[in-house]
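Some structures are shown below for you to check.
One chain, chain A, links the two complexes that follow: it is found with chain B in the first and with chain C in the second.
Take a look at the complex of A and B:
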């Protein structure tokens, strides 16, 4: 970048073009195929000449549409419900992760306690465990250990009120999925935020203490506003993982709590793969993270602490 | 306004003791300056008064009430930090009013106070700006205004001017002096710059190695330093030190060393005569040496001029006298050439004597 020669080099543009093609290509393919009938998709003819249709979207959104499309005989996909589930799970787990993460990171950076450095280093190791390894033990625990007994007080009351099996387990609830997402994302968020908190000058906190702020006021009024860029980056990261996650959600959700990625797979059966609907749902799935990222990335401004102290 | 008293204040970091029992009293409305080289414990003392450092031993009394167990916010003090420590996400007005907003004062009162203080330090036009958009001097003023707005009785400064360039520092120093006359507060000011200390202080406390060396008015410290350290620290250019011996020649007391032989007069002679040890260090400030060709050899030094530093009306000559280096301040018009050996008359009132072993003044 530093020398003007780099700009003129055609290889540079070729590499960029390749990278753009690799990242945007699948999205364009998905976008176009979502407006095609399945026959057009599979036919293998040139993808550019086709009659656009919104049938796929009508089918994907059949439970939220105010009219009944002619070509849909039975609305099997509950996109609306799954979308709400996805939103609840992704947003709540993001918020929880950030709240716990920023406090933990602050403690790890500023407080002196035994084993601080060890904790700080090992948090990231949790992140290295693949979700597939977590799946089996978590599935077992959520189904068998974390349940309210049907004979117990709360479980009994729930059975009285709602009927059903009676014992309420973490598996199949929003909380169950949120909990595992928070656990999965926390180490990385703590790791990111630590590096942001280290950059907040200590004298700022001291100034706030002299100005009459208690420990919590120092944290919320001085430290937190200054690590906003870090929080935004962590939020984007956490939200996208929670939104896209498939493996754990497929095992831990039930009919009423399934998320959109799980719903997409319902379009595949042994008889038929409905590519059009899959693509249409994929397009819809991509919209919320884009909006979220646009909003959150506005907070990422470098040089937040400029002017705080004389460097 | 409150009085502050430090009693046997000790600070330890692990096994290392950095402050060894500081005893100090700061009276009403006094501008006290703690001065010393870096690492002497002056900032630590200030931070202990502020409550930002724990007290390892001893006690701090404010108005005779012990405060060392209190949080900073309970101590009724304001502080200006060396690096300003402005809240970068707040504009100037919010920075100044932060303490008042935390104290949940009514809005009208806060606004009035912000205007008053901003007017005082000349920031009225910048209230809506963020610290990032201010110059160094303006940031310094914001830091000052923030402390002033708090209206507390004790005002602490931790080397507030050390980050400014020389010209601005001089200007802010004058403004600080003006401000200290206007606001009636008990001010404690930490600096390593003895000029700041001399110009601002009602009382200077010189610290070195975790001990108080001497305290007193600037004049006392300049004229009657208790030991070699204080003598060398106060005054610019620093005092010259020449090692010598006391010789009693039939009642006339001389200090004799390599390249000089000076007759002591009056009181100085009497104290030198009464002193048991013979090895002394002679201290003479550069301003107490005067270029005089035909000076009495018993009242003068023979110096080899090596370097001349021209600073305008004055020139500072770096000279040699035997093994010792001697600095002399002379009028720039004086006909001095490098490499010359010249005679400088010694102002007999400006002669200081120190014991060479314990470095205390005789």
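Take a look at the complex of A and C:
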């Protein structure tokens, strides 16, 4: 800023180019490697020049392809199923978190009631709880306590209908994973949305109330449309966490409810890593967040600054 | 005309779903964990069957050299990650705070790393650090330098670099937002008084940004204790215990060693650490609000 002609300084643009290269480079590298055969990745003689192939993707998606690729003998990677699981869990938990979270945020901002400060403080406190801390209790509870007993009425009925070991537990079901994600994301969503709801002019709400709208109508018809940017930001952050989370999902899921991150970690820990296929699965997992980033970066940045600066 | 005034139950109706879910899936599990940390508990037992052992788990951990090692790794990781990211992020914000065309495109590029799944980030870096086929060693070889054993001898450093790559943009964007909301008049006055760019930064910009920077650093610090997947994929805590941060050790104690009680006690130690940090952040926020209120009051009195 000292001199006005720094703008034209080529060194400055070189720095920017370097930064962009550094932040996007690894992603592009993964993207290119996902189209290479393992032989090409390991020999590494051809850096940029190679014959792109979709074999890796065919191998990863073999359980949902409508044809059988020649090079796949046995479909071991159930990527398609895991992708669907991830999608269900992330979408449902995002929607639930948003609805429940913005109602709570609204109440915290607009009403004075008993216990308001306690709730507000608790929300702030539980924001810092790491998923690893929840691992032990959630594992124990979801497997033992949160079960419909085999002797109970509902549990017995389910056992009659479906058989199985009798008791029905939250562990190993989509709803079990969704429940913990909603709980984990709620404090954050409430926190972000509070700063948006504060900005809604009170007079608008009062006008609606005078016209005879109940509190829920005021909330859904007046407040919600006005905080759309905040909702978008909160939705992206919640989706991102639910989509990317590994640890709790790995503790709670069984064979049929595996999510994509679990699949990737399981395939990584083997001794002989198939780099091409694993990069293809990684790329597929990264696509939704990348799309969000490209199309909604403004909302993401708004949400980030609102969430952090407005403590 | 019917005016529906909110009655006293309305706020509770809005709060109920959130409170119920957080009570069932956050508060109850946390209480359950504290309860379980006093027990000798393995995964095949329910908590009622587990034997009550008092503070034994905590004392065992307190004297366990592996736990100390893990705690040390965690603290070192968090310290280096946060301090380096703060320096780079704030430095970049100061450097790039000017009218550049396409700054929004630039910011989009920068937030890409932190939107991508930690598992995938770990995967990319594990590939790039690979001793033979990895990008870095290949580059070093092509310019004639010796290979580096990234995930072996320098595992902690490599893990820190990967985290810096992923999270510096977070600091950068927050610092840039803080920088662009500074009062223009102060900067203008400094420029007229002939302050150099460096003097402006040290005496005006940094002090004015300080409140936001401290909150940012604390947020990042809390998040640094949550990092797990990146390290799990890159090194699985190894070699030895050199990158085994507490979160990873908790999950291994629970799943591999099958000692839920010890894992719960360890979680409690981590939780207490984080609680102290959160309280620090909270107190700082309150103090700052009070100071701001005092300042405005003082200004109003003068006029």
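Convention: the second predicted complex is superposed on the first by the 262 of 311 C-alpha atoms of A that agree within 3 Å, B and C clash if a C-alpha of one lies under 4 Å from a C-alpha of the other, contacts with A are read in each partner's own complex, and residues count from 1 in each chain.
Convention: a contact is a pair of C-beta atoms (placed from the backbone, for glycine too) under 8 Å apart; a residue touches a chain by one contact, two chains touch by 3 or more.
What you see is a predicted model; the values in this text were computed from it and never measured.
Residue contacts after overlaying the shared chain place A:184 against chain C, while chain B stays out of touching range. Once the two complexes are laid over each other on the shared chain, residue contacts for A:124 go to chain C alone; chain B is not touched. Applying the stated contact rule after C-alpha superposition, one finds that A:212 touches each of chain B and chain C.
Of the two partner chains, chain C is the only one that A:41 touches; chain B does not reach it. In the superposed three-chain model, the partner touching more residues of chain A is C, compared with the other of chain B and chain C. Shared-chain residue A:10: touches no atom of chain B or chain C. Touch criterion met: A:22 reaches chain C, while chain B stays clear of it. Shared interface residues of chain A (contacting chain B in one complex, chain C in the other): 209-210, 212-214, 304-305, 308-309.
Those residues of chain B lying in contact with chain A across their complex are 50-52, 71-73, 77-79, 81-89, 98-99, 102-103, 130-134, 136, 139, 146, 150, 163. The part of chain A that touches chain C in the complex is made up of residues 1-2, 6-7, 15-16, 19-20, 22-24, 26-27, 29-30, 33, 41-42, 44, 99-101, 103-104, 106-108, 110-111, 113, 116, 119, 122-141, 144-145, 179-180, 182-184, 186-187, 190, 209-210, 212-216, 219, 240, 243-244, 246-247, 251, 261, 264-265, 268-269, 275, 278-279, 282-283, 285-286, 289-290, 292-294, 297-298, 300-301, 304-305, 308-309, 311. Taken together, the chain C residues at the contact with chain A in this complex read 1-6, 8, 10-15, 17-19, 21-22, 24-30, 32-33, 36, 41, 43, 46-47, 92, 95-100, 104, 106-113, 115-120, 122-128, 133, 135, 138, 165, 169-170, 173-174, 177-178, 196-197, 200, 212, 215-216, 219, 222, 225-226, 228-229, 232-233, 236, 246-248, 250-251, 254-255, 260, 263-264, 267, 270-271, 274-275, 277-278, 281-282, 285. The touching residues of chain A, when paired with chain B in their complex, are 201, 203-204, 206-214, 217, 222, 225-226, 303-310.
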